[in-house]
Amino acid sequence: MSILVDKTSRVLVQGITGSEGSFWTHHMLGMGTQLAAGVTPGKEGREVDGVPVFNSVRKAVRETDANASVLFVPPRFSKDAVFEALDAGIRTIVVIAEGIPVQDALEMRRAAHSSGATVVGGNTSGVITPGESMMGIFPYWIKRVYTPGRIGVMTRSGSLTNEVTAMLIKGGFGVSTLAGVGGDQAPCSRFAEILTLFEQDPATDAVLLIGELGGTMEEEVAEMLANGRCSKPVGAFIAGRSAPPGKAMGHAGAIVAEGKGTAAGKIACLRDAGAEVAERPSQVGDVFRKLLAITG
Amino acid sequence: MNLYEYQAKQLFADTGISVPRSCLAETAEELDKCVADTGVPCMLKAQVLRGGRGKAGLIQQADEAHEAVAKGKKLFDQCPGMRGVLVEGKLSIDRELYLSMTIDPVNACVTAMASGRGGVDIETLAAESPDEIVREPINVFHGFMPFNTRNLITPLGLPKDVGEAVGKLAANLFQLARRSDATLVEINPLIVTGDGTCVAADGKITIDNNALYRQPFEHTLDEYVNDIEYAAAREGIPYVQLDGDIGLMCAGAGLTNTVSDLIHDFGGRPANFLEFGGPHYRRARKAMELTLMNRPKVILVVTFGTIARADVMAEGVAEAIKALKPNIPIVTAIRGTGEDEAHNILRAAGLEPLTDTEEAVKKAVALASAKGEAGTTAQ
Amino acid sequence: MNLYEYQAKQLFADTGISVPRSCLAETAEELDKCVADTGVPCMLKAQVLRGGRGKAGLIQQADEAHEAVAKGKKLFDQCPGMRGVLVEGKLSIDRELYLSMTIDPVNACVTAMASGRGGVDIETLAAESPDEIVREPINVFHGFMPFNTRNLITPLGLPKDVGEAVGKLAANLFQLARRSDATLVEINPLIVTGDGTCVAADGKITIDNNALYRQPFEHTLDEYVNDIEYAAAREGIPYVQLDGDIGLMCAGAGLTNTVSDLIHDFGGRPANFLEFGGPHYRRARKAMELTLMNRPKVILVVTFGTIARADVMAEGVAEAIKALKPNIPIVTAIRGTGEDEAHNILRAAGLEPLTDTEEAVKKAVALASAKGEAGTTAQ
Amino acid sequence: MSILVDKTSRVLVQGITGSEGSFWTHHMLGMGTQLAAGVTPGKEGREVDGVPVFNSVRKAVRETDANASVLFVPPRFSKDAVFEALDAGIRTIVVIAEGIPVQDALEMRRAAHSSGATVVGGNTSGVITPGESMMGIFPYWIKRVYTPGRIGVMTRSGSLTNEVTAMLIKGGFGVSTLAGVGGDQAPCSRFAEILTLFEQDPATDAVLLIGELGGTMEEEVAEMLANGRCSKPVGAFIAGRSAPPGKAMGHAGAIVAEGKGTAAGKIACLRDAGAEVAERPSQVGDVFRKLLAITG
């Protein structure tokens, strides 16, 4: 088991014939992902690494029973691609593109909810269940990060995820599923929603939250914990304690506005709600040993 | 990207929202004509992007034409290079309201906010009298429905005709926010004049940078506080000016923030936030140029990339050193895809390829605090 | 309500969809000028609302001006009182397509339909070659998305530029359907001319009667086949002309249909469908006037109302009898709210208040078939 | 038990101060309905038959925990009223108004689905669970129609429902819930959806469908039966066998177009799928005796 994607997922690649799409198609296959089909309008009949290409998602789904989709589509076409996937009945969608207009992102999130779908992203590395399947752009070949195990990881960041997860693995743990919600101001899925999936996943014992300044996603997780809506232990690392207010720190979503969304505030409310928060990435292994009451 | 007040008001006017009679003087020389066109009494408003203009004396009023021109000229002196001075007819104020549209990423909607207490800083009002702010979520697919208008306007307790006018204006403002890809549209204050007309006395609009490709606005860069931020913005490289002495070149926003936190924890101070991951991972040279503009004591390079390949970034750092010949030590922890090759490249460039972030940070902090001493200078 | 072809084409033109050069001759006298304006060769199309105009000879073409005028005059003779003759420039045809927007109540969407075989009756095509029709559901909240265009157009196998033009046109047509509250918008055929332009050669638009209040169209009544239907439509009373001899006055559409079925089952024939329930339950007199215009042999009144109170309807029937003095038998089964009082009223008016629908129907059928005999005449 | 509404439902009346709204408020109370609140913009603070009136649905829900709403609102304002109720979290909504624009009805149905709500109507008498609660305009005082029992009734018609249900009662049966889907071209809820609710209702033994010519709602029920998606016996009466094609027979939805939607066609496919169809209302009692294998 795992969340969002596993070895039974029949994954579709939208934008498969593009340079990013074809590059990562190769790697997703290399990781073991069951790639059912690709879509690029006007390229029907081709193959990419043996994966058949269709003109439309509807046809790809009809012909191949694809049930999840990862989008390698430029940001300005992401909304159309997400809506096409939803319209064709796909209910798990990963949006890699960085730079999606916020108004489009609102529509994507709203449409996903209306359809009972989970859209992850944009501006994310995607979702990976190490050893089983990958929808996204992870360096799964770096074994000191992408080792299977029983800790669910959810993150807003790319490089930081490698940094922090490496410390988790170094501490003797492994990853059930790693889900990047993305660094945008209005991600289509939020930490609290991903945590709900981990809560229901028998293969996940505890959850590592890799957060940062800005927004309210970490506060929503704290609220969930405080209300008892998550029974699994949560460990966290929050970046950006030293960031000045009012500036976007790299990610569109990483901005402290009106005194809200500081890393310090997030750390405090997570701790109040019972989460363990590591001060530095190197402490993450200790945090999970403590959470899971592992001695030695 | 923030729009100037005069741009915001032009959008309001295009949307059918009343604004004061006005004229933009782009230079001090144009003040005479603008004041004559607008008439007195009038307001004189410096068109700069920073907030708190009132307190900073950047909004003046004048009863006579010569006074207006003199005050306008003083504004040009105060803000050299600014976009202009907006000369506006003074309004008769019966009531001041607050009205805005913002983004609610949790509920995936646009939130309309209104208050019967306009002219006050909304964050202050939210902290002191939250009950005086009405919030109404607007579904982006359904649009601004009549019930949204009622929910937003009824609690303000306005006279019927004023309430109807504000409701219509709010619906227009929602349309404007959607159509112009705004993340914030704010009218504060929205003036109700003696004859019951609603006029936008101020206007603040923030346009989503990701949507500029489909909007007619030019990306203005004068919200950046100094030349380096300006130069970085022109290059599209995420950069924030800080006041320490460790020049940061990291890849990935979260990792950059983490490195900054660790520097503070270990007693150092970063000179800047700079992120050359993602689309910029081949631009180490430009990143180093920007970093060096701050005259840091040490450069700290930390990456852990996927698409942003370690070998490519290491190669870029090596080339940048060759080209720019920085006379300060450089500490690297470059990891991720192609890291073995990256480490070879770094060694060839005379650098020690560290692999542990904390170790790299500690080393950089030590080098920066070793005053006057020569560090491990590259080359 | 159906729009005339010339009205549909005006809407197309307003939406940016190309239509042939044309002129509407409202009278035969205007034909000369219209033909001169349009030029020859031209088409002459009678502006009537019935379908199958081609087969009925109501669409003509002419190569010479005098021929055009003569044929146009003949159309005016064929359809006295019609709206006019549309004179249209003849198109050079490279390809004929089909394009329409309809309502899908199951999926709550607008369905765009397209076919590479235009000019054919779409129901025939649907029956014979269903694969040649592409159906694309359009979400009313999301609008016509680029992927909808691709799904609709790609299977038609058109040249790229034509496909793009048709796709844009389809998006416009969707907007038109939504904006004008249409339940059907159809272009058949959509002509692709020699130079690749798409032109709507015919146009059919049905506007939702429930939405006429927010549309600029006048409710036209000339789709009604006879004077009684016309009179009923002017009153807003649901009425359909049938060919039997039992005049129906029922309340409730479903009940009226059921009574009609029972009449047939028991060997009778209704003269009309008339429903005076709902908002019309106080209008028994007008209902009876309409019913009597058919000269039925018997009137059958069946109701089982809630808001449409039985006592009010019985009172109305009694008053109608007093005023109109029908010289034929009247059978009643008036039930529902206030039925005891209703029955007293009917008895006072000399009628027998039946309570069983089948019994009432059987009695009416018997009375109608009792030729020449005098029934239980009212009064 | 029952479907859609029962004695625990806390019903809101939108448009309560209008003449229809206040008239039927009185009768809904008389029937035993738990009326929590009413809404009429600008009339907050009043009462109608002791029911408190609020300016907005949101406030009414917050103050009274209303969880279902019946709308006595003119057709041109129905969409706004439905969206207001959905926005306020109400998930059971009955729309009485006749004459709602079809494009509005499409939006109402679509929005209901997106919210996981059931909107019934427009152009309906509503929903009644005899002896428990009523959201609508039924002559519940006519005991020979509105007698409690274990047959679920769903209908497109008003007067015909009285006619046919009276025959059901005369046959010795009673009604669990009677739901009118309305006579419009695009009703917000369809027979197949109501039947799914009856299928899950332990208080319903069998279902009476009162249909008529036009549309495809009866055919959808037949398809459900044929696919085994309903285990309960279904009896039907279909009006309009004698109707001429191409004419709207009173109801907007009652029109035979392109040879589709004839009463004869509906009767045939319902019978093929295993439903019993009464030729005349008077046969309905016999139909259910047969369906439920009751002798005597």
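As written, the chain order gives the labels A, B, C and D, with residue 1 at the start of each chain.
In this section, contacts are C-beta pairs under 8 Å (C-beta built on N, C-alpha and C of every residue); 3 or more make two chains touch, one makes a residue touch a chain.
Note that the structure is predicted; figures quoted are calculated from it, not measured.
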From chain A, the most remote chain by mean C-alpha position: C
Pair of chains joined by more contacts [C-beta pairs], C-D or B-C: C-D
Chain centre separation in whole Å, for chain D relative to chain A (CA means): 44
Where chain B and chain C are represented by their mean Cα positions, the distance between them in whole Å: 58
Whole-Å gap separating chain A and chain B, where each centre is the average of the chain's CA atoms: 27
Chain D residues counted as touching two or more neighbouring chains: 107, 111, 113
Where chain C touches two or more other chains, by residue: 139, 141-142
Residues on chain B engaged by chain D in the complex (per definition of touch): 137, 139, 142, 145-147, 150-151, 154
Complex interface listing, chain C residues touching chain B: 141-142
Parts of chain A lying in touch with chain C, wherever the complex brings them together: 41-42, 55-58, 77, 80-81, 83-84, 87, 107, 111
Chain C residues within the chain D interface of the complex: 103, 105-106, 108-110, 123, 139-141, 178, 181, 183, 208-211, 213-214, 238, 240, 242, 250-258, 260-265, 270, 273, 275, 277-279, 303-308, 335-337, 357-358
Chain A residues touching chain B - in the complex, by the definition given at the top: 75-76, 98-107, 109-111, 113, 125, 137-139, 141-142, 155-163, 166, 183, 185-187, 190, 210, 212-213, 215-216, 220, 237, 239-244, 247-252, 254, 258-259, 263, 279-282
